[in-house]
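Each chain gets a letter, A, B, C and D, in the order it is written, and its residues are counted from 1.
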Amino acid sequence: MAVAFSDQVRIVANDSARWDVFARHESDVRWYCRKFSSVYVSASSATIVDEDGREYIDFLSGASALNYGHNPEPIKHAVVRYLSEDGILHALDLHTAAKRDFIAAFCETVLKPRGLGYKLAFTGPTGTNAVELAIKFARHFTQRETVIAFTNAYHGVSLGSLALTGNRSKRAAAGIALPGVARLPYDGYLGDGLDTAALFERLLDDPGSGIDMPAAVILETVQAEGGLNTCSPQWLRRICETSRRHGIITIVDDIQVGCGRTGTFFSFEGMGIEPDIVCLSKSLSGIGQPFSLVLLKPALDCLPPGAHNGTFRGNNLAFVSARAALRYWSDPLFQSCLERLCRTLRDRLDAIARGFSQLHTRVVGRGAILGLKWPDATMANRVSAAAFERGLIIETCGARDEVLKLLPPLTIRDDELESGLQKLEGAIADAAGHATDLIARGQDHE
Amino acid sequence: MAVAFSDQVRIVANDSARWDVFARHESDVRWYCRKFSSVYVSASSATIVDEDGREYIDFLSGASALNYGHNPEPIKHAVVRYLSEDGILHALDLHTAAKRDFIAAFCETVLKPRGLGYKLAFTGPTGTNAVELAIKFARHFTQRETVIAFTNAYHGVSLGSLALTGNRSKRAAAGIALPGVARLPYDGYLGDGLDTAALFERLLDDPGSGIDMPAAVILETVQAEGGLNTCSPQWLRRICETSRRHGIITIVDDIQVGCGRTGTFFSFEGMGIEPDIVCLSKSLSGIGQPFSLVLLKPALDCLPPGAHNGTFRGNNLAFVSARAALRYWSDPLFQSCLERLCRTLRDRLDAIARGFSQLHTRVVGRGAILGLKWPDATMANRVSAAAFERGLIIETCGARDEVLKLLPPLTIRDDELESGLQKLEGAIADAAGHATDLIARGQDHE
Amino acid sequence: MAVAFSDQVRIVANDSARWDVFARHESDVRWYCRKFSSVYVSASSATIVDEDGREYIDFLSGASALNYGHNPEPIKHAVVRYLSEDGILHALDLHTAAKRDFIAAFCETVLKPRGLGYKLAFTGPTGTNAVELAIKFARHFTQRETVIAFTNAYHGVSLGSLALTGNRSKRAAAGIALPGVARLPYDGYLGDGLDTAALFERLLDDPGSGIDMPAAVILETVQAEGGLNTCSPQWLRRICETSRRHGIITIVDDIQVGCGRTGTFFSFEGMGIEPDIVCLSKSLSGIGQPFSLVLLKPALDCLPPGAHNGTFRGNNLAFVSARAALRYWSDPLFQSCLERLCRTLRDRLDAIARGFSQLHTRVVGRGAILGLKWPDATMANRVSAAAFERGLIIETCGARDEVLKLLPPLTIRDDELESGLQKLEGAIADAAGHATDLIARGQDHE
Amino acid sequence: MAVAFSDQVRIVANDSARWDVFARHESDVRWYCRKFSSVYVSASSATIVDEDGREYIDFLSGASALNYGHNPEPIKHAVVRYLSEDGILHALDLHTAAKRDFIAAFCETVLKPRGLGYKLAFTGPTGTNAVELAIKFARHFTQRETVIAFTNAYHGVSLGSLALTGNRSKRAAAGIALPGVARLPYDGYLGDGLDTAALFERLLDDPGSGIDMPAAVILETVQAEGGLNTCSPQWLRRICETSRRHGIITIVDDIQVGCGRTGTFFSFEGMGIEPDIVCLSKSLSGIGQPFSLVLLKPALDCLPPGAHNGTFRGNNLAFVSARAALRYWSDPLFQSCLERLCRTLRDRLDAIARGFSQLHTRVVGRGAILGLKWPDATMANRVSAAAFERGLIIETCGARDEVLKLLPPLTIRDDELESGLQKLEGAIADAAGHATDLIARGQDHE
């Protein structure tokens, strides 16, 4: 089965009507379907099945929206029961029992054990809406406008979030200038020689720097779309300390790397900081339901009632599934399995990088969000394509698609993991032996 | 049971721990729960039940997100079956059978009978995300920046959409200027004497007007949050014709008043226009699932693959429920019931307005989105509060909360409708007889 | 001598090296030289002489920068004397005797007799710089951002002022969005039927209008570039009263129509308003020296020392010449001559409009800034070109160049005025008899 | 005579009516007059005289607007003669003989010998207007929006230029966000260890950097207001080469350091670059007349006729004086004197820095724009104040006023120079011995 990167090619190569509906009626802006081109039907754990019955190991996991795998039984069970009882599904921001239970469980399971006293703000159930609300809180509270964002950041594509996102082609889609943001280099952006937190500090301390005193600084502790760049705890603390000194709100966007992806619930645990605001979404609902959450220190809770709204900010099915998902975090077995997964992934990838040392790849990332960084996009895309032929869905990331990103479910079964890693090794071998380069794709992805 | 407009009051009046979780842990930005203060558990058709077993007739319907009522059996059935089969739930924008089936059904049931050839773009599953994408298409396609929006418009609260929204306090929450929008008066804004479409035309024709040639004009045919202001077909056609002449993209935001709310699937049917872009959300999924859709003429499909993304743009549960909901539109009985509902609502409200003529109220709106407009917010809020005491949930709208807005499910049972209307009449009588005014709320709502 | 509208044409028609320097070395953005294409050498009163010795009557007057004519003797005398005494010419904003004398004279001659208590702020010596400072004062004082400007306004072309200017092609030159401005229709923009001040009031009173509460409203009492549109005192008062009620700063841009152009020193005298801020420039120096001035009510003087600067804000030659020019205003003869000029211009233009009634022209403007408005640009440009051939420099204005604008010096001699008006009548006759239309210019002017 | 830093103090200390006019009638935004508080009357060469007959040596030179000194005889002579002949003074952008002569002389004297083929664009006669036009050309030509400006840059205070300027308090005066600019660290901003041109290059090469592809980069080769920071030729070339590779227009703002200030006419001579656009003003007119000029490569001359205008863009007195000033540049004696001046200044300042080594001052700057940089503002302000008491006008600069800036006229007589330098040495000695610190001023300056 040939891998094709555009529907045009696909339609020529395969005159089945199978994709006609998409090609004829869906906007060309669609993306992943071009790379992993099949029609999927069902899924369970880390395994997806297409309509021909073919199975795929999923190392994409909904871009980390499916940390507990596809259709996790306990969560699905809770959802079906709620439906069967005519539980209220859509409630705007009315009080519901499902919401209260989620809030209570989140406080009990997540916040209290970590000594965190955040308040919860529910917004439209997407990551970008959470980021939009976070920067509203920061700007409204500080009465300042500028938000500092970093190189290769990804925070969403609605205008407020897109202004923070680094990707030039996604920014260009706005068709309008994206104001209110100052861009600074992320940790390690200029190599080890330069501490970019020192630049951050200098620019804020210098009244002539041209950086207006910011409302907030927003960052990912692992830049998931940006190429699995990580920051050191030292860098992070210096950013936070400088911010505190200037009254700048610190926002951690934990949408992709929170909910356990780095090995702990929040990605910043153990790094010695306590952000003022945290954005969560993706895996929060536990079952792929749209859901998002802004955590904020009570002192920042400055917006008047009704100042921010959203039709689906009370997705009660998500309250139910998210509460069920929190039970993983009270289960010591889940924690130890997660630790083991992180170790296994790191060990196996290290071995792969060593085994294919002639390909100049190195392991990047942290916890269960790891990748192989190649000199450029060619090999990363070639491996992704070869893996798909072998029945493994694995994406690339980075500003130039130069990183192959592994995002298996955190609850992946050992056999699935093993199968996926073997397919990956095979795909690298395929790609390395490949006689001719695939045509450069010249496009970016999420 | 006392009606309270703030948690502070509530907590004083009622020392139950019931709301403690919300008061202590949820952000103060929450809104509806302050007006309809109970904890809801289950719901069916137009009836909601709180945890004390008390029943309420729902004339709010999730701000028109529940046009088919709560937990409609055929839709719920489809959803549960999909879950039970381990149907793939979250798929980014990968092709899935559920998505294909929805697209095909939407084309067959909605577009084809109406002679419309739109393409479908899926975005983050909220209304504001749909609006954000719509204006991206328009700006990118025209290479212009300005979007014309109207007085009292509501299009969402992420920065791109918020720039289009008229409400001053929602705008202020942004804490930053909202660029790229020129504001013009909606139909009837200055009374019958002035055709505001003539101003629209003059400003665009005049090279010295100071209005840069716009990318798009966006409008609601009924301004649902803005006070149930309606526009005439003549006005709408003049706006569209002027726009066409200048290459301006016309966008109809049918998020709140589409999906049947005005009596037809699209609110603009029969008005003699065909917008370039249409935004849908709210009732599209049929069961309160987050879902949204941008319809666009194929020529406008200009964004490169991947230029706009969103984690939850493939909410397959919503594809399934939305497809099930489309079946209503092939059912002649649904159509005739809807027409009858529209007539009944209008007749009953006309009678109420006549009956309470000393209160200077008049009926506003269109189809099944009707309201009573009062001289100011006092009566509207008083009636809403009195209705809630009688077991009817009914909201206010308008820049000053001066309109009582009726949004019953389109599938409301006759007994529910009758009960709701009687409670409404009773509430008006209560409010009219009320000796002292409630304190003006001084806040806005969605 | 042929009139040419572009250097290309000119160069073909006339292979003299005379214009080579300009054509080869000066940016194509130059404008007036294309219409009144000669090389000028000297000037006195209302008469300009080119290098062939040809004389022209000047009804352009430096776009009202030469209200006292070219090289007025008393002013020139003061300037030469100051130079001969090595008077300090450039002093940043250091105190100088010349500056003190100007300030004292301006207070004594202009402000005190009119009961005005403005403070004076000196800025970079151009009109646009004055406008930039005016809106800084307003935004900084109110802590609001939006400034309301009107259709067909002209306030300059640096980015802050250009955002206020209506002309679409000048705005396009910015190559960037021009934020912070809301545009409203000027008095009479939609015909007599509509009071646009009512729209202004409604938009500000309505919290859902989408117009954020503005910092300021800026206007010209006669829109000099915009087509000699005038506003009524009633309209002006309603704008100012509404503004006062909302704490909005009122700014009158009197750069082109102040300094006597409408018959009084300020153009708003006798209209029942006292603006919060007034911008002056153009004729303020009396002799064409770059100079500008912002008058502001003392309570608005909120910018900290040094917050706004500019190298040439202390053009002492201009202080000297401006002070000399103020002496005209203590001279009763000047006042009576000015009144007579205004009457004469109006009478003669009325007669011309009547005489050429078949051409559908009408007289527009006020005081000594009057014009003939034609159905479109054709006749206005044709008359301007024919007038130039007869030795009269007279410009067009309006968004479509449809108005012929008369701006004779206020001190024009009777013989010069008579000569100019006769040339004008002749030019109209020429143009009316013209067999073929000149090619539409399709461009705007200042 | 006491030095006072505010009028309030002044008025208490000195009840003369001398400053009353300023204190009562001039806006508080005035600046220099607070530091060098006297009333000046006349000036010649580097000597200014106040109304008490006291003489001051001028090491400020109108912030480099008086490079040829006050009232230079040959220039003044040309001006007076032009006035006496009724030369046309104000001509908008009509062709005049004075303008033609200036253009021809500028091409002949400045451009041709340096092999430069720039076209000339005349704009409103201030530096900020020149910068506004330069960025219009760049944005319009490239159809991009972002302009890169550097830390501690100063480019003016109208909104377009102010967005480029680094000073936080000047920026705050705008009262509105300043969009369209990305800020990068100037050469040496983070110490010698880091090549900030590498960061510039990396950010532009990286499609995920978040820096939208810029229209232009604007820089000063010596940051005159920003603290006399200089860039190396290597850094400058790397900036220009990277820019060229990405189609980014390079703009050198030579307003303060051009016209000979660094020892050559353009400050970038000998550095191996040829900017696409150069902004000139300040000393260009030679006698303090408002005047400015944008030089641009012919290919960039993209604005349509009339797209940028300005009442005083044809200040013919400045054409005459500027042409007279150009004669200095054909005079070998002027060149050798200038070289000597640069050497003398450097030698003397080096000696001073050595002599006062305990004060931790070091020499900064280049050519004839040199300064003494102190650890903080205290000494710089103290020396400036002590110098003024001794009859020397010398300003501070830098984001924190930590640099004492020497800007003597380039044509200063030896005796004046010697006197000024002796006063400076004396003032340093005074300040060093000063028992108590002056109150920190806490304000910035131009």
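Just so we're on the same page, a residue touches a chain if its C-beta (ideal position, glycine included) is under 8 Å from a C-beta of that chain, and two chains touch if they have at least 3 such contacts.
Please read these numbers as outputs of a predicted model, since none were measured by experiment.
A.B. asks: According to the touch definition, list the chains common to the neighbour sets of subunit A and subunit C.
C.D. replies: B, D
A.B. asks: Check C-D against B-C and say which one is joined by more contacting C-beta pairs.
C.D. replies: C-D
A.B. asks: Mind checking the centre-to-centre distance between subunit B and subunit D? Centres are C-alpha means, answer in whole Å.
C.D. replies: Once rounded, the distance between the two centres reads 57 Å.
A.B. asks: Would you mind pulling out the distance in Å between where the CA atoms of subunit C average out and where those of subunit D do?
C.D. replies: 30
A.B. asks: With chain centres taken as the means of their Cα atoms, state the distance from subunit B to subunit C in Å.
C.D. replies: Measuring from centre to centre gives 49 Å for this pair.
A.B. asks: Check each residue of subunit A and list the ones that touch at least two other chains.
C.D. replies: In subunit A, 145, 169, 172, 176-177, 179-180, 444 touch at least two other chains.
A.B. asks: Show me the residue ranges of subunit A that touch subunit C in the complex, using the header's touch definition.
C.D. replies: So the residues of subunit A touching subunit C come out as 176-177, 179.
A.B. asks: For the complex, which residues does subunit B have touching subunit A?
C.D. replies: 6, 19, 21-22, 25-34, 36-44, 48, 51, 60, 62-63, 65-66, 70-71, 76, 79-80, 83-97, 99-100, 103-104, 107, 119-122, 124-129, 132, 135-136, 138-140, 142-145, 156-161, 163, 169-170, 172-177, 179-180, 215, 255, 281-282, 287-290, 294, 296, 301, 303-312, 315-317, 443-446
A.B. asks: Could you list, by residue number, the parts of subunit B that touch subunit C in their complex?
C.D. replies: My answer: residues 145, 149-153, 165-169, 171-172, 177-183, 185, 189-190, 193-194, 198-199, 202-203, 206-213, 226-227, 398-400, 444.
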